[in-house]
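After this come two complexes, each holding chain A, first together with chain B and then together with chain C.
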Partner chain A sequence: MNNIRSEKVASWFFLSPILFIHFFVIAFPSILSLALCFTDWNGFGKIQFIGFQNFQELFSDRVFKKAVWHNLIWTIFFLTVPIAVALLGAFVLTGVKRFQLLYRFIFFFPYILASVVNCLIWKYLFHPKYGLNTFFDDLGITFFENSLLTQKETSLLAVGFVDAWHFWGFLVVIYITAMYQVDESLYEAAEIEGASKWQKFRYVTFPSIRPMFVFSILIIMIWSVPAFDYVYILTGGGPAYSSEVLANYLHFQAFRNMNVGYASAIGALMFVYVFIITGLFGLLRKLDWEI
Partner chain B sequence: MFIPKLTTLAIVSTLATASIPAIGYAKTVVTWWNYSNEGSGLNAALTEDIQDAFNASQDEIELKIFFKGEDVNEPTRTALLAGAGPDIITSSGSTYVRAYYDGGFLKSLEPYSQKYGWKDKILPWAYNLGVFGNEFYSFPQNYESMIYFYNKTLFEENGWELPTNLNEYESLAQKAKEQNIFPFAYGSSGWQPTHEHLVGNYFNTYAGPDNVYKALIGEKKWTDKEFVDALELLKKHMLDGYWSGSLEKYYANDWDGFSAQITNREAAMMQIGTWGFEIMEGFADKKDDWGWSPLPVLSDFAGNPNYQLSIGGTMSINAASKHPDAAAKVLNWIISDKNRVLEFTAKRNYGEWLLPLKFETSDFSGSVDQRIRDYLVDFAAVTGAGDYGYTTWTFYPSQAGTHIWKDMESVWANDISVSEFLEEQQALWDKARAANELIPVGER
Partner chain C sequence: MFFISRLKKFPIANHVILSILALIIILPVTILLFNSVKPKAEIGINPLGFPHEMRFQNYSDAFVKANYAKVFFNSFILVVGTLFLCIPLSGAAAFSLAVMKSGKRLTPLVGLYLLVGLSIPAQLYILPLFILWKFLHLNNSFLGLIIIYTALNAPFAVFLIRSYMLQLPQELFEAARIEGASNIQLFIKIAVPLSWPVFLTSGLIVALAVWNEFLFAVTFIYDDSIKPISTILFAFSDRFKNDYALISASAVMMALPMIILFVLFQRNFIVGLTSGSMKS
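On to the complex of A and B.
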């Protein structure tokens, strides 16, 4: 009995440094931030309690509504394009015998580059005067005549493309890791049954990597909410809010508009969304879903 | 016996040695946080010409300038909230000073202003921008205005004249476009608030500074016809490709891009702040020559050509400073010598550190570019005669100030109308006025 008790004490003792840091660096500021969403604080002066006014204003704010919609598009885009490309890339790579490490490095390389570097590369490539346009214009293709980042019809997806270009290498690595753990005998059995490559992927590979696949969906759904750096660097949310997303709008309200209370309200709603998503996945896991 | 004596001697000599620096360096340390711009050489110039020069000029105070990245406002805000921060606070402009003042983070400079006679040295409009509750709290680090730059050689070759009214303005733009030359070089890539320069120009040259003043002090609404017409005109010109050929290309164009446009004959003119003098250096290795002029007025009711008042950067003393008197001495050293100010701002191409002092022609050395000298003297004379307008980034409260550039894109994209845009502006002004968050304007 004493041993059990002392083990429990020891475990709390070893956990205490990280709990201490977590409380003061994450939990306490988060609680404070939640409290700020009921105030009109500008980041400097007196804090005045204004109840739910920030939330009332948010629900009639045309930019906030746009940002919510764009985050939804962003999430759907990342749940489809990078995942499809990464699944294909990982599956193809598992069959490659020579220079596989080199290919893996090439795919993963954009992920280790700083977002600022990635953005500058693509900003330059999209530039009508210096970038892809100079090449395609000679071929009579005018698609890049204007930067995709400066047209309201294309800016959001252009930013998403650049972000996905850096992100999909990460997905390839986690999928390929999962694929290497698939029991080889399953492929041998499929081979004997005369399964095609697609059938092997559909009936052997994919079911075997499902936990990792669902995990990737979970992290994409969560990471899509605070998507910020690529939007901030490439377009600033423009033109005309056409690439505005919640995190960039939050940053704008807090640091440009000096409207910290309002920004906190946006942050609170983002938190609620993430809380629901993680709760949902937790619930499914409790219901014995293999995720 | 010998050893204890030796030990005593060693202790005494150690203490004596340790006390020498304490006596020799009993200087009051004054700290100053500034934004950083390594690329343009600002850090080295400030360190050498301000910090080191001040420290060499006296032996009571040691000035230490710390560079806090491109945006000094963020670390300053965090430090001030924590009751810390430097003795000398710098900020990007009036909006921050207003917020710092409201938060009680600034020490009143009124006693120092009276002691050192700052009110007589600083241009009145610039001085008034630092007055809150009848006391002086900040003085501008720099002043700017919006002017025209143009390729003089190109104009002479084509027989073009600078426009003096709307007809001439549009006619000249058409002539330039017919020759595949953009009427104006400009772009907003890298600095989205660039749009507010254009909005301010059209407000002050079409609606006119008297109307802008009335709107600033609440005697007029931003939704009034003059402002609606001004922004409709700007929208028409923007969508006609006056700036860099098209709205999309204007959005894609950055500082280097539009600098190249004006010096390489891709564009005929540029309406930009006086920091554009730096760009004109690009003509040095070209055959073309450049010129400047005030912005033309575009309506019958806009009054005379005017210079828009603007400050870029402010300096104040931290209310939590332990050495405010020493900090005030530093500030006084900076503004007390016009020649030193002019020498330093010349090194920064008159785009930075042009303190709004009462310059006269005799203050300039022969080496100063005559065009720059003419501007500085003309600015003082014209604004002294009351012909001045107002920039949005100096006189607008925080949220109205960001809305003016951020949401202008929505107007150009036809997402909202000019009237809807100005209704939102008016609502933000009403909110700021009710919360007493306005920037001091000074009587016109």
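On to the complex of A and C.
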């Protein structure tokens, strides 16, 4: 009996240091934040409980609504373009033997570069005086005449493109790992039936990698909400809020305006969204939806 | 016939697609590399092409102007400090979850806790954390940021190390237990030496994450003298807006240590980054 108890103490002895740090840095401030979102605290003065007023204000905040909309566009963009290109890349990669490791190395490469470095690269390439424009202008293509980052119509997608350029190699790697686990005999059977490449992909590859595909959708939906680095570094949310997203707006409200309560309300809404998405996927999995 | 079989071994259509995708990655990176060795004046005339004249002095210029020796040192301290705090403590927690009997029973509970922690967007807690750190005089200091980085990377490291330790032969631990070894001895003398590959992998991933981290660095460190390289480069690119040669050289210097590690340990990186996120 005593032995069991000492074993219990010992296992907590090993667990608790890292859990304590984690709780102190992440869980405790998160709980604080969930409480502060019902107050009008500015970080210094008195804390006053104001109920749902922050949320009411948020729902009539023009910039907040814009940011929500932009996060939605961002998510849809990431769910389509990088996933499609990565599926293509991974599928084609499984068809080649030579240089395969080299290609994989190259595709994954931007993922290990810092966001600051990637942003520098593309800020330069979008620069009308130096970047892509100097090349395309000679060909009579005026698409890059002004930096895509400084125009209201294109800024959001230009930032999204740079982030996706850095991120899609990650998708290639997880898809190709799944594709190599597909039963080879299925392909042979498809070959005998005379299936085309597309049919092989549609009826053999894709159903087999579906769990990984669903996983990639889940992480994109979760990671798209707190997207911050690329927006902050490339455009700062501008011009005229045309690339403003929730994380950047929260950072602005928190550290420029010192609106602690208001910023916490945005954070709380982001958390609720992520919580619902994760819960939904967990539920679907529990219900054996074969995802 | 011979030609067709050759063609099958080297499917041209596939390589065309893959080369185009590869070029979309390679060209922008190469242009950065070219610009980093061009004289400042050449960039206006030859913004995208191969440098006519190599000027490696850009690197030493950037090194002096941005005080890179100090900046590198700052980032280095953050990386090493986080590694020393995060990896042993995560390893201990993983050991408890994977090897110890009552620790195993705690796995669902601890796993759920870390999972919920992972799904919290940093923006939810960054502001209260900032106020808390200010109160404890931990903001604007290496130690404060190291503690934060340790917490941020802990779930990933715990999950990754645990899954490796689960595959260790349990009889080894049983035998040592019968011999009267304590848990600490089991951890230090058996679990750690046998799990060194996963310690290497998680160490590399944590080092990469800390070296590249931006959000917490830009929020918690505001004295130029202790800023890490990511935020210095960000400030630098603003200050020397028109000197792309200098900026490019600094960017290459920031990327280089991680590129070297990536080339040396490519497999560890890819497996760690992908399986780490899947396990969590």
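Assume the second predicted complex is superposed on the first by the 267 of 291 C-alpha atoms of A that agree within 3 Å, B and C clash if a C-alpha of one lies under 4 Å from a C-alpha of the other, contacts with A are read in each partner's own complex, and residues count from 1 in each chain.
Throughout what follows, a contact is a pair of C-beta atoms (placed from the backbone, for glycine too) under 8 Å apart; a residue touches a chain by one contact, two chains touch by 3 or more.
What you see is a predicted model; the values in this text were computed from it and never measured.
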item: Clash or fit, chain B versus chain C on superposed chain A; value: clash
item: Which of chain B and chain C A:L149 touches, first, second, both or neither; value: first
item: Which of chain B and chain C A:V25 touches, first, second, both or neither; value: second
item: First (chain B), second (chain C), both or neither touched by A:F228; value: second
item: Partner chain(s) touched by A:P17 [first = chain B, second = chain C, both, neither]; value: second
item: Chain B versus chain C as contact partner of A:K8, first or second or both or neither; value: second
item: Touching partner for A:R98 - first (chain B), second (chain C), both, neither; value: second
item: Of chain B and chain C, the chain that contacts the larger number of chain A residues; value: C
item: Which superposed partner A:A240 touches (first chain B, second chain C, both, neither); value: first
item: Partner chain(s) touched by A:G43 [first = chain B, second = chain C, both, neither]; value: both
item: Touched partner set for A:F255, first chain B, second chain C, both or neither; value: both
item: Residues of chain A contacting chain B in one complex and chain C in the other; value: 43, 123, 129, 255
item: Interface residues, chain B side, partner chain A - complex; value: 74, 77, 80-81, 95, 99-100, 102-105, 189, 192, 246-249, 251-252, 257, 398-399, 402, 406, 409-410, 412-413, 415
item: Complex contacts: residues of chain C adjacent to chain A; value: 9-11, 14-15, 17-18, 21-22, 24-26, 28-29, 31-32, 35, 43-44, 47-48, 85-86, 89-90, 92-93, 95-97, 100-103, 106, 110, 113-114, 117, 119-132, 147-148, 150-152, 154-155, 158, 183, 187, 208, 211-212, 214-215, 218-219, 230-231, 233-234, 237, 244, 247-248, 251, 254-255, 258-259, 262, 266, 269-270, 273-274, 277-278
item: Residues of chain A that touch chain B when the two form their complex; value: 42-45, 123, 126-129, 146-147, 149-152, 236, 238-242, 252, 255-259
item: Chain C contact footprint on chain A (complex, rising order); value: 4, 7-8, 10-15, 17-19, 21-22, 24-30, 32-34, 36, 43, 85, 88-89, 92-93, 95-99, 103-117, 120-125, 129-132, 134-135, 165, 169-170, 173-174, 177, 215, 219, 222, 225-226, 228-229, 232-233, 246-247, 250-251, 254-255, 260, 263-264, 266-268, 270-271, 274-275, 278
